[in-house]
Amino acid sequence: MNKTAIVNRYKDIRQRTAKICAPLHTEDYVVQPVVDVSPPKWHLGHTTWFFETFILIPYAPHYRVFHDGYNYVFNSYYETVGNRVIRTDRGNLSRPTVDDIYRYRDYVDEAMLALLESDIDQTIYDLTLLGFNHEEQHQELLYTDIKYILGHNPLFPAYDENYHAPMLVKTTGPASFIPMKEGLYEIGFQGEGFCFDNERNRHRVYLNHFEISPNLVSNNEYLEFINDGGYRDFRYWHSEAWDWLKKNQIHAPLYWHFIDEKWHQYTYRGLEPLHLNEPVQHVSYYEAYAYTSWKGLRLPTEFEWEAAAQQFTWGYNWEWTESAYLPYPGFTKAVGAIGEYNGKFMVNQKVLRGASAVTAPAHSRITYRNFFHPQLRWQFTGIRLAK
Amino acid sequence: MNKTAIVNRYKDIRQRTAKICAPLHTEDYVVQPVVDVSPPKWHLGHTTWFFETFILIPYAPHYRVFHDGYNYVFNSYYETVGNRVIRTDRGNLSRPTVDDIYRYRDYVDEAMLALLESDIDQTIYDLTLLGFNHEEQHQELLYTDIKYILGHNPLFPAYDENYHAPMLVKTTGPASFIPMKEGLYEIGFQGEGFCFDNERNRHRVYLNHFEISPNLVSNNEYLEFINDGGYRDFRYWHSEAWDWLKKNQIHAPLYWHFIDEKWHQYTYRGLEPLHLNEPVQHVSYYEAYAYTSWKGLRLPTEFEWEAAAQQFTWGYNWEWTESAYLPYPGFTKAVGAIGEYNGKFMVNQKVLRGASAVTAPAHSRITYRNFFHPQLRWQFTGIRLAK
Amino acid sequence: MNKTAIVNRYKDIRQRTAKICAPLHTEDYVVQPVVDVSPPKWHLGHTTWFFETFILIPYAPHYRVFHDGYNYVFNSYYETVGNRVIRTDRGNLSRPTVDDIYRYRDYVDEAMLALLESDIDQTIYDLTLLGFNHEEQHQELLYTDIKYILGHNPLFPAYDENYHAPMLVKTTGPASFIPMKEGLYEIGFQGEGFCFDNERNRHRVYLNHFEISPNLVSNNEYLEFINDGGYRDFRYWHSEAWDWLKKNQIHAPLYWHFIDEKWHQYTYRGLEPLHLNEPVQHVSYYEAYAYTSWKGLRLPTEFEWEAAAQQFTWGYNWEWTESAYLPYPGFTKAVGAIGEYNGKFMVNQKVLRGASAVTAPAHSRITYRNFFHPQLRWQFTGIRLAK
Amino acid sequence: MNKTAIVNRYKDIRQRTAKICAPLHTEDYVVQPVVDVSPPKWHLGHTTWFFETFILIPYAPHYRVFHDGYNYVFNSYYETVGNRVIRTDRGNLSRPTVDDIYRYRDYVDEAMLALLESDIDQTIYDLTLLGFNHEEQHQELLYTDIKYILGHNPLFPAYDENYHAPMLVKTTGPASFIPMKEGLYEIGFQGEGFCFDNERNRHRVYLNHFEISPNLVSNNEYLEFINDGGYRDFRYWHSEAWDWLKKNQIHAPLYWHFIDEKWHQYTYRGLEPLHLNEPVQHVSYYEAYAYTSWKGLRLPTEFEWEAAAQQFTWGYNWEWTESAYLPYPGFTKAVGAIGEYNGKFMVNQKVLRGASAVTAPAHSRITYRNFFHPQLRWQFTGIRLAK
């Protein structure tokens, strides 16, 4: 990227973050109804803190930190740069205010733009790219966290009554499975552009013959599983999934409500009747697995998914795979705080592949590895069958 | 009270509530850092809901409810009028917004003032008086909850940099104890004005000879207890107090911070050096008991306190007593939802007597019975010695 | 007591403890199904440790401790004599074995009997009496803990198929209430024999006119409360009782089982149909209060109970009172570890008066103050009405 | 196997189970100090229940169940055959007694031997083999659970003062790593004998070049990690490992005690000074990973382990691998209760390879896949380095 391109991309990304928050009231920025969800104002501050901490402080001449206390408040899991804020506490902090944080964003943006318009070296360039991708990840979290905050309010307020997801081919329904040949496949990122450290090294994986569906499982198909008693028959579930389901009284995907004898779903437009032909969303890995088990089929591995992905449409839902989140051969951590970016989460999480309707534009690629704990459902997660 | 008096008192009380909140930012209205603290906007809505539910809906002709969902959101423990909101959830609700709630207040105020200017009967009058006293109780909770919210923010923001407590005689330091004769004393409310149901019936109590201090224990005196190892010697503590202290790593009153080798206290003006000659505040009953135990003295009972109260100055701190919160002889619950006001809390709580510097004006009387669980500290609680 | 009398009483009490355990299998001595219940072998060791620690070690010439590790294992809440064993851990300890502990009992008994047959002074005499009363308290706990252990086993084994409670007048059913005059009453222990520190000082209490039932509430009467929906109507319950009831899914007294459309109760003889005319047992204070509230009546205070006790039969159930467990005027703690006997529990507990069918013979008196947390039910607890 | 062989193997395995328990006192059979550990008597009953439920009841003519209640007590996770006993409750059950359970074993053994001496078909034969392997798994659990029970008793009793692990080459210390060529390897069970369903299907895996140590990490080497502050530096740990370590105050392997300035370890013989040259044991996956991270190396995957296993000695410790426990290609569950044997645990667990000094003889093979949650340490688990 040349100087103009990087400056423009910086502006675009930072403005897009603010635009996602535009429909919010001040109060919506503050709350944290559950530990995995962060208050929107925290995302605004944290993405700003990232540029300040990893680029401006070490590399911008004469840069002065905006506020001494913000490192403590907006740090996340990067333990090398200070004591960690307990994640559950984020929703208890009324200060800094939303206005304070927008001022912080403006202050850091000014300094970043001045830096980016100077002659920057490769290190700054790489960190800026990482900052872009980091902020794009938080843009998606803003969308999912906002949905959770409003969707768990007893008044079911809309985020935007005219919200429409980007046009996407939402292929659901029965379809012939795509057969894939046994053999060696190359997996992982290769080439020029940006990728996260967890997508490397590109390496060979030997796959047996398998078949994969070109379509996602629809709400209608998932409803058959519910109506067949799927949530009441332990045989479809992992042992710990069954404990989770009973403890949390789970009997449908997140945001589904059975009201006046009809299924509804909370959307960004408020509560609506269930859209039967759309892909099922907001299911945990546990539920995705139980559904496949009921079907007598299975989820693809992340390698199968990547090997076959050219042959189907993806990008509507993050798709649970059977694969655990583990390092690729030759994976090494970067030195210092940035090195903690991905590796420290490589235990007890499942890989999701693809992208969702709220993933930032140009943020997705066929080798992208998303990961969450198997019980989580507040992301736009769905199911693709394999056998 | 005549019509003008009641209308003016209604206006005064409602305005005072808003005035307490005036220094807050919108974000400060929203959070709930701990279960016992409620978000300020909840107090604003709940006190309004009280007038709407118990007066306007049953008695105001043609009154239309402001919003159907608010009963669910602003109800507290009154289970007869609907499902209870789990208290811990209050801090997760971004909607209704602060502006919505002020509109709700205006709407209800208009209807209440119209009603109060009509000819009201005794029932409405009594309920209005109860509403006044209810709102005054929440005014005190607003003060203490705001202190908790700001005092637990890592930036230690001031509520009001010029805040000063009402002028009060803060008598501390050594003083001769007041001797009180053995005999029968009359305890409880009698007379014309308002009192809560828990202050009746007035009845006789036989007291042995006792002595009571005219002064409150000061920060300086309490510091001696700390410096003598009081928090490390189980002999001064109740068994369950010792468990509480160890589990929560308590080693000083709430809001005390040991910074740079000096004790500080968080006040409405921000963090300040400890005011040694002021009465100690924000101690639990457990700590109050342990202090008296270390001193070889004891707390007064609520009956001793009331019998002797004419003889000392009170009103700076709620004062822990040794008495459990129990019904007086002849106590009966009112019929219906209002009947739940006090009786249902009469287990596992301790009585506090007096009033504090943030108690609403004209809200205190010598027979007033406040009550909290013995581990709580976020109210302005203090210690008076007896023997 | 003369020397022979005290020696004989020592033997009797110690043998009675072993006799209570005689029907047990070794396995029954070991388990701790809930935190309030202790394994029988712990009671056997702890009562022995009491004599060893407070009498033999300080006063018996040349006494050698049986085992260095036992102080750690058999200490309870006496923090002055060493680190406390976490109560929940008692059920995890397979060693010392039951045989080890009986050997420990024999060893200590031999030393105690030798000591008691020498010329002992008043201190040893007083401590021995305290040891007797302490062991008698644990005899009752043995009965109730054994009932809990066997009564929570899915096989519902009998403790003793021929068990019969001592002959007691079990007066239940409707009866005229006993009227008691307003006035001053003397409350507390006076005289020569043994009493616990919490029964002193004897002092005057002024009581209003009240009436008290000569009979206990029966299973049949309590069943009416259940059948009338008493466990589903929050109006009868304290606020925290209602939370307790919902969280623990309580809908009948402990040991009641609704099997094949009929109510049963677990007894020392195994599972039996509910004995309708016997006094209801194994209810918490919360349930006792809710029952009286449903009846439009109330529980007596401990002072009312003591003032009226000469006029009715008691001793079948510990009877919940409305009184919180608090010190009497002039109560002072003894010096040292013994001083922790009662005072440190004087918060958040309710007083029970009377005695139960498994209370040790000669262990009861009209001034005896038992105390438990309001949610506990594994003791033989019942209800006497007042108004 | 012919009839005599299977009868003899049945007798040998059943006797070996009893022999493992021979040094126990009755009390040791009963307790459950932590949820993952089961009381020895439960293992004795459960392995017997397995033969009764899956072989005798369906296939033995005229077989009468020993006791109706035992299915409830001794079932484990097999939900198809009845309600599951909550695992945490096992340690609360004093009945059935140890004697009862040995009678149960005798009764079932008699019936099984009669059946095995008749002409059995392939189904019974296969189930009997599964029963053998199932009991052998529980023999190892008996060893590890007994160690936990005695090793967490404050008296540190020995299991057997003359215990010696089977002679095993305990290779530790520095050694040249074994280089392994990039390429396709065959993984999984093939052949005639018994294997578990999770070892199939044998399939091809493509491995990059890697190197693996012929030796296990020793206590001495692990001590260097501790002394270098390994437990205090979050950079070596996974994010959730760090939370686990802080929450549970972990600072050394299980059974290590720092007493009088020296490291000790609890063994079957009691407490002993740390054996510096023996392989480190009782570490969690979290600790194994942190150690490799500190070393700048890594754990092998389970495929690397299996591909290289012919080239080193194994069998002293279960060795943590980097692999998550997932199904092999073509894995399918058997029909019915037996089908739940392995598949339902395939989430959030790590694969361990090899065998330990307390694994049953002839129970180990190169394709065997053991699995535990990453935080568990009470098995004999150790570390082999790869790069």
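Should a chain be cited, it is by its letter among A, B, C and D, assigned in written order, with residues numbered from 1 in that chain.
We take it that contacts are C-beta pairs under 8 Å (C-beta built on N, C-alpha and C of every residue); 3 or more make two chains touch, one makes a residue touch a chain.
The shown structure was predicted, so the numbers you read here are calculated from the model rather than taken from an experiment.
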(request) Chains touching subunit A and subunit B alike, please list them. (result) none
(request) Please indicate which chain is farthest from subunit D, where distance is taken between mean Cα coordinates of the chains. (result) B
(message) Rounded to a whole Å, what is the gap between the Cα centroids of subunit A and subunit D?
(response) 37
(request) Could you give the separation in Å between the centres of subunit A and subunit C, each centre being the mean of its C-alpha atoms? (result) 57
(request) Measure off the straight-line distance from the CA centroid of subunit C to the CA centroid of subunit D, and report it in whole Å. (result) 45
(request) Any two chains that touch count here, so list every such pair. (result) A-B, A-D, B-C, C-D
(message) Which stretch or stretches of subunit D touch subunit C in the complex?
(response) 25-33, 41, 69, 72-73, 89, 91-98, 149-150, 152-155, 157
(request) Could you pull out which subunit A residues touch subunit D in their complex? (result) 77, 79-80, 184, 203-206, 208, 210, 234-235, 237-242, 285-286, 289, 322-324, 326-327, 329-330, 340, 344-348, 350, 374
